[in-house]
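In the two complexes below, chain A is the common chain; its partner is chain B in one and chain C in the other.
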Partner chain A sequence: MSDTSADVVVVGSGVAGGIVAHELAKAGASVLILEAGPWLSRWRVVERFRNSPSKADYMAPYLSQPYAPHPEYAPPNGYLIEKGNVDYAAQYIRAVGGTTWHWAAACWRLLPSDFRLRSLFDVGRDWPFAYDALESYYLRAEADLGVSGPDDVDLGSPRSAPYPMKQIPLSWMDQRFAEVLNGNGFSVVPEPVARNSRPYDGRPTCCGNNNCMPICPIAAQYSGEVHAVKAMRAGARLIASAVVYRIEAGEGGRIAAVHYKDPNGASSRVTGTTFVLAANGIETPKLMLISADDRFPRGIANSSDMVGRNLMDHPGTGVTFLAGEDLWPGRGPIEMTSVVNFRDGTFRAEYAAKKLHLSNSAAVRKVTQDILSRGVIGPELEREIRLRSARTLSINSFHEILPLPENRVLPSSERRDALGIPYPEIHYDVDEYVQRSAAHTHETYAQIADLMGGTEVEFDDAFAPNNHIMGTTIMGEDPVNSVVDGDCRTYDHDNLFVASSSVMPTAGSVNCTLTIAALAHRLADRLRKRA
Partner chain B sequence: MMVSQYITGHQDLDRTLGQRLLSALVRRDGGFPQALQTVNLRVQAGVPPERLQSTLGAEGDAVREVPVQIATAWYLGEVGERRPQGAGREDRAANESSPGVEVVAYEKALMFAAVADVLTVPSYCRDLPGYWATPPGASGT
Partner chain C sequence: MARRRRYGSGGFRPVLTLLLLAVAGGIAVLGVLLYDYWRDLRYPSQEAIGGIVGRMTDPEFIERGRYLVAAGDCAACHTVEGGRPFAGGRGLPTPFGTIHAPNITPDQQTGIGGWSNREFVRALHKGLGSEGQFLYPAFPYTSYTKLSLEDALAIKAYLFSLDPVVQRAPPNTLEFPFDQRPLMAFWNLLFLDDQRFQPEPGREAAWNRGAYLVEALGHCGDCHTPRNLLQARSGNKFAGATIENWQAYNITPADNAGIGGWSDAEIEHYLATGIAPGHARASGPMAEVVQYSTSRLTDDDRAAIAAYLRSVPAIARGADQPRNGWGGPAADVVALRGTVPAREGAAEGARLFVGNCASCHGWTGGGVGAPAEGGYPSLYHNGNVGGDSVSNLLLVMLNGVARSYGDQQVFMPAFAELLDDVQIAALANYVLRQFGDPANATVTPEDVAELRQTPPLMSGQR
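Up next is the complex of A and B:
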């Protein structure tokens, strides 16, 4: 393919890239989206799920492509090369639409205090701007993704308008859980979710298929392809299976072009006026680092040496127990409530904020496997399946990890994919700030299990990844220790921007997708004004 | 099919599915038909299902595993060895690795039949939106 050109070149077609591309295409810019992965069709993903022996692995229905690999875990494909004390083991999807093909669709806003962690608690970093500066963009993001949320509950993040859709009714289990815990000093609230409580944006009402992860069969839940397609309808071009492997700096450090390979390895050069990297918190810094050249030997946008560093997630621990009453997880969508009273407080000077959430995924398959593995058959098998399906509760958590430069992504010097592009190498550890909080979480789990009449309480204290990849192109006011400024522009390259959770200076304790979408809207606003 | 009916307690098992499960079991272990024949003799002799396994104690592994293999095939819809899973963490990268497992059935797996009065088969819709807000039935019968 010969040279291509556009006003705005967007690398990545997930929720961030899709929204930026859509907004700018609507404003009349010529927009080209380069997506490393292929197009997916929902029905095929549903069929792959139903035929998969690894139904608890949410990556299993999404095939890793040799030319654009992504992590697989059943069995592991080793795509993320883990070099740290704790496995990062993130899941993400390289395909048109990105990782929101499977997600819990939780659409939390950060708290105002999450933007001022250094000022308030003397840990972590501050954002270059306050919550108020993002509020109107949160609203737009909620309208774009289609968020159903509670208007009669204060979630701690001030709102200037109601949610686009009313809250989805809580399951009986979630109602009981909230009732019991809220009567005992906890704060359990309905979770705002990008899941339809009425027909919205051409997509249907959630009817409780209980399969939000790994795939909503009916698209009642938002996924990023919505905005990739909207961007195209607004005039953007999208090239799938186009793996960007080099960012080329030109005169004055301005980015002149990006280069991509097709699945056969044929290379194309794409020139543009403005470049937006939206390829997630692992692939984006990897791309910047492998684009090193004579003038930028540390990599693109990396004069600070911060590209790839400050890798964050929400390390999670869990508990499973048998409740004292029949509650039947599995009725409705897979997650509906959260415990939010540990999201903020003066304790954040000492240990991590966190959110706990009750799973509403059906336990049937897991309990049946367990019962059969004990050799139980006959009438006792069905009695146990019913009892344990009705009473097995599972709670998980997100702990806030601080941005630490030693937690980082690097291009591997050992392994390369079919196109010759290095695999990502991860150096990750979970420090005492999180460990102290997790010890408290363990005690809290025990208390909750007790309140729910729990028996057979099983703690899972190992830190599990939650696929919220943040911090690796960190935003800040000082170019010495930051990759992008408050407008998400790289300090080193006037026309290179990042749309991703990788710009987030703090992680908070909630799912980051709504913040990604809000930051994408804010960036699109800035770029419109430049044009 | 008679042994399957006896082990599962279901008299209305799907014959086509039964044949496919049997084929998968035989593909995995050529000795399966012979082991099944041994178990069948006990069933014919009128051993009650809950005592079946204990009466097979003196037999070899291949025979003793047959009842659970048959129950696993019908209830999970799967044939083959599955590595043990960790605790029930739904949102961590799965610690379930099972490349040797053959999926023969999904929505017809008997585990879902056992809870069909209350729960949907994940990925299927069972009722009007919001049905989940109402109190469910009891687990006991």
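Up next is the complex of A and C:
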């Protein structure tokens, strides 16, 4: 067993860990990042994607490692052991840079009301602080990730400065969609995205490869690797393929060390002054729970029994239809506009807020598969491919799920990975608060299809996962029902912090990455002041 | 024997005579040099300057200076990567060591704030510093000597209108004997043509303006004209040269080797934007020249430069097709589709191309969105790929491109940290075979390693 040490030990090198490490390394701290997965090389991921027959499976180009598995779905590797009524089926990537290797780069801020769900609507929880306390960190996060967004549209989250880059020009389809819906009482807005509308931070302008997921082939889209590398340039050390499997509490409950294994199973102990867990909303609580010892039999930071609980996502439903005109989805990035008029309102006392978004993924592959499977050949095949590629519209949704203690992550007692570390076991269900909203979403889809001259309307009402893993080390003012306080510090361990969407007390109805980055900046600020 | 007899028969008198003549000649040369130096120290006369100094605080005169400073691209050398403009410090490697460009902001201690008008003009025209020391011709005074007295003082008026920056340039690292500044007197005797620009009466005004911009201010020859062993510009004016590992292309009107195939409008467009559609796109030091200098000139001045360049003697240098005449579309992505790539192992050029380049430059290499100016250019029929030196291609692959003009930005990411020397070499050889001159596809990892040492440009690129 070899020993190493640092002022700040960060577990995980995604957006959250990368930003905390970068900020603290810049401030002169000795920082060590432990990343369970390997380094990836973008061009090899691109190559695997281009050559893969399973183009729709965003995990396919990212190889799960036996020593640090992550979920795979084509074919399924069963890494997430589903025990609930609804499959959680999250995708995430264990590699340097984390899951932002594949995302649509949506960089929404939460709404001020998302921070006060309990006070305003008597459901869910309140955050320990208000939107205003996070605004300046949102701003920094937007500069860090490089966000292109609309400056002439009110997105409902007050901003103190313009977006770093102007918005990416909308595709014809997105323009038409906005035009039709906005004329009929909807609010369709351009989506702010961490994707370059001009050269930014040494990365090029988006040129519309239209495969943001599973991989932006040119790094026009931000990925967490950016800050892992920046942290290293600022002096941080990063050990890849270092799977942390134990958090060791010492004197007075303070964390003394973390232990990691290399791919061969050799163990190392890392001591430090401050520990930051940034290993996502499934691996972080799992690590806390498997670190149980005699003094902390429920696991690290778990006196509240809330570690792993309150698991949230944005359960989605969808609709696909043939529009009444040629709109040619697929020009530009895969998602550009959202319907935002259901994100807030008094209805939130009764049913879930939601955001709907129009897919701009090219439909050619899917419609071709469908037509071929119907046995169509010859000139009709080409005609049909053309027609359906030009007119197939697909809309999806994010519903706000409430933090429910029964939705939870546990270390599996059945299956372990190559290093002997338990797989995650998921207990997940979608309650009536979401179901009532989904029923309204279904009606709304029908209305939108009608407005767009839609035919062959197909609803997909089954709740689909959206990989926004939140709530499992929940933040709150009361240590009885919260894992971390308003500074993202664990109540049970003075020097253990969490940088992750797992601290979020409410999910809102938007992608959580920008909030992760803003919280990471806020945490880095707190840690700098402590030092 | 015959030879000895010839010497012997004359005795040693002729030898002595030669020796005496040599000594006398040496003394005469020294005398001339000393006289020149004495005279240069008193240059220019107060009378000559007197009529102009009154205008040096006049905003219009300062504005004229600002324009001339852009035309002369002073910022290129006198600004360090990411630093304050004109505050100096940039290292200019020469075969004899590194020379650091000084701070030319008006700071009294570290800049040129203490320089008199005479000292400033003397530096531009004679290559002498404020204390009378000889300057090195890394500072292009052999070009600036052609500047008119008025323009020289306008440049000073502008520089003195800037905020002073306190920043001292690092000392030069020249080897003996090149660190002996007085030796430059001999060099100047040979290579400094101490003349102000004289318009050719038989030529149009635009041509004369172009000649002045190219020869005096733009100092184009300092990069584009090959240098001799003593680092003076040779007779092959504008025939192309290598400077800091970058190939400065032939800009004579030769059809294939030079820019004879470009229209005037294309030359002007290139100077304005860095893009001559179908011919060339600026990268490296020329990208900086476009960004900081030629894009900031008036249309008339760019037209004047084009008119003058058209008229210089064409130097063909054996090129039998233009550098944008090579290569054709690739189809390797079709062959690779559906194959299972090796998880590690040898990185073949075609795989590297498809994985790293094709997403912007197109799967055929034919570009995406080009020739629109923000678009990503074709790799075949591409002047940088087809050039006879592969260093520009390699430096662009390693360090990318970052230039702007107006509010347009042209950018290619750097691959220096993403690919190793073996991969860069394999990729470059694929690109050269497919899109360039296949005879050049001989790049070795060692070549790549060497080019990684190229000094950075002002933009922070190498």
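Convention: the second predicted complex is superposed on the first by the 530 of 531 C-alpha atoms of A that agree within 3 Å, B and C clash if a C-alpha of one lies under 4 Å from a C-alpha of the other, contacts with A are read in each partner's own complex, and residues count from 1 in each chain.
To be clear about the criterion, contacts are C-beta pairs under 8 Å (C-beta built on N, C-alpha and C of every residue); 3 or more make two chains touch, one makes a residue touch a chain.
The shown structure was predicted, so the numbers you read here are calculated from the model rather than taken from an experiment.
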| item | value |
| --- | --- |
| Touched partner set for A:219, first chain B, second chain C, both or neither | second |
| Touched partner set for A:457, first chain B, second chain C, both or neither | neither |
| Touched partner set for A:199, first chain B, second chain C, both or neither | second |
| Which of chain B and chain C A:373 touches, first, second, both or neither | first |
| Chain B versus chain C as contact partner of A:171, first or second or both or neither | first |
| More chain A residues in contact - chain B or chain C | B |
| Partner chain(s) touched by A:439 [first = chain B, second = chain C, both, neither] | neither |
| Chain B versus chain C as contact partner of A:43, first or second or both or neither | second |
| Partner chain(s) touched by A:123 [first = chain B, second = chain C, both, neither] | neither |
| Partner chain(s) touched by A:361 [first = chain B, second = chain C, both, neither] | first |
| Common interface positions of chain A, toward chain B and toward chain C | 46, 50-51, 53, 205, 207, 209, 217-218 |
| Contacting residues of chain A [partner chain B, same complex] | 46, 49-60, 71, 73-76, 89-91, 104, 168-172, 175, 197, 205-211, 213, 215, 217-218, 316, 318, 320, 326-328, 330-332, 334, 359, 361-366, 368-369, 372-373, 375, 377-383, 385-387, 389-392, 394, 396, 458-460, 464-466 |
| Residue ranges of chain B touching chain A (in the complex, touch as defined) | 7, 9, 49-50, 52-53, 67-68, 71-72, 75-76, 78, 80, 82, 84-94, 96-99, 101-103, 106-107, 111-112, 114-115, 118-120, 122-141 |
| Chain A-touching residues of chain C, taken from the complex the two chains share | 333, 336-341, 343, 351-352, 354-356, 359-360, 368-369, 374, 376, 402, 409, 411-414, 418-419 |
| Touching residues (chain side chain A, partner chain C) in the complex | 41-44, 46-48, 50-51, 53, 63, 198-199, 202-205, 207, 209, 217-219 |
